[in-house]
Amino acid sequence: MIRLTPDPIDYHALTDAVVRPECGGVVLFLGTVRELTGDVRTVFLDYEAYPPMAEKKLAEIEADARSKWPLGEVAIVHRLGRMHVGEVSVAVAVSCPHRAQAFEAARFLIDRVKELVPIWKKENAPDGQSEWVHG
Amino acid sequence: MIRLTPDPIDYHALTDAVVRPECGGVVLFLGTVRELTGDVRTVFLDYEAYPPMAEKKLAEIEADARSKWPLGEVAIVHRLGRMHVGEVSVAVAVSCPHRAQAFEAARFLIDRVKELVPIWKKENAPDGQSEWVHG
Amino acid sequence: MITLTVLLFARAKELMDRDAVSVAVPSPATVGDLRTHLAAAFPPLAVLLPRCVIAVNHEFAEDSHGLNPADEIALIPPVSGG
Amino acid sequence: MITLTVLLFARAKELMDRDAVSVAVPSPATVGDLRTHLAAAFPPLAVLLPRCVIAVNHEFAEDSHGLNPADEIALIPPVSGG
């Protein structure tokens, strides 16, 4: 399941959605807005996407992971718009028969999302300054 | 946070409990009762522990992980008693400043739990046969 | 000459203060030709362009990739999602 | 002689149909001595014992570890939690 959404991510529902009787391991990853990046303090982030291409890339990444691991369910949700410190910007949930596979697949998915999906964030500091984070 | 419990694990609360403003990555692992182990079909599992030693080992494993990674919060909960297919027997949740650390720490924790903590499970098959799983 | 429309995102969109720009390029045109003409026509983009990828119909495209006016073309700054 | 009580779990508990067994061993006694006397006194445990670890006061103990009657001793079959 692939989704871009302006709304808070219901990662509890996402976790429940990937549990499967044939899968003994579930891994959920949440990316949250961090207060500090190095010395720079963030108050909120603005996320922007190129939606049709982002959805296509997310689907390709899921297919790629399914070709590598015997995944039960896969869910990748990225939130767009403004998020404050502590809010969840991205969630990845997977189930696999065994835990090693679940960890590897979840790690692969979030790494590829950050590398390949056209989504950008702008950091907004307490002094009102803002800057696009470019890779 | 370390806990042994006879009750269903509230892994949603566990996930929320580890989110921290200085931590950009949260990883939750759930071990669920799998229907098949090789060719053997499981209907339910019975988990038994040596509680005081199990709690001591869990605390040592948490301390060991904290010495290796800059963990924000750590939660390890193992359920005991009878569980049916799909139910969650163990949950590990961590937060870390960066995602690679969060994945590594969660993986380390569950691997050590399975290696070092005196908890045992008995598999109960559809024909009424049961057998202790001994490593 | 053909006219190509290029979608802009993130810093590129801010630099140009618009969602898309159009540029005339001699036909046949490649992604590499588009880069050259974009930089010349829109100086604010010139510094950012070498760090961007061009996407054609939702796929990353090499400089040798041929373009036509019906393509959906986008300028993709280094991504920073997650 | 001292009497040592050993807590049993999982298959060991089922084999003996009880939570704990007591065994008399010559003093001073080590974990290794305890193993020998347990196997002799409780034949059903003999096959399982070599695959078990002995825990003393909630810590895994080597065969050379010395024992006294106040210790909390447990027979730990290979663990299978998670």
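By letter and in written order, the chains are A, B, C and D; residue numbering begins at 1 in each of them.
As a convention for this text, a contact is a pair of C-beta atoms (placed from the backbone, for glycine too) under 8 Å apart; a residue touches a chain by one contact, two chains touch by 3 or more.
What you are looking at is a predicted structure, and each value in this text was computed from that prediction instead of being measured.
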Applying the touch definition from the top, give me the chains sitting in contact with each of chain A and chain D.
B
In terms of mean CA position, the chain most removed from chain B is C
Which whole number of Å gives the spacing of the CA centres of chain A and chain C?
27
Between chain B and chain C, what distance separates the C-alpha centroids? Give it in angstrom.
49
With centres defined as the mean C-alpha position, give me the chain C-chain D separation in Å.
74
Indicate the residues of chain A shared as contacts by at least two other chains.
31, 99, 110
Shared-interface residues of chain C (touching two or more other chains) are 82
What chain-chain pairs meet the touch criterion?
A-B, A-C, B-D
Contact residues on chain A for chain B in the complex?
11-12, 15, 19-36, 85-86, 88, 95, 97, 99, 102-103, 106-107, 110
Within the complex, which stretch of chain A touches chain C?
31, 47-50, 52-54, 56-57, 78, 89-90, 110, 113-122, 132-135
Quick check on the complex: what are the chain D residues that touch chain B?
7, 9-11, 13-14, 51, 55, 58-59, 74, 76-82
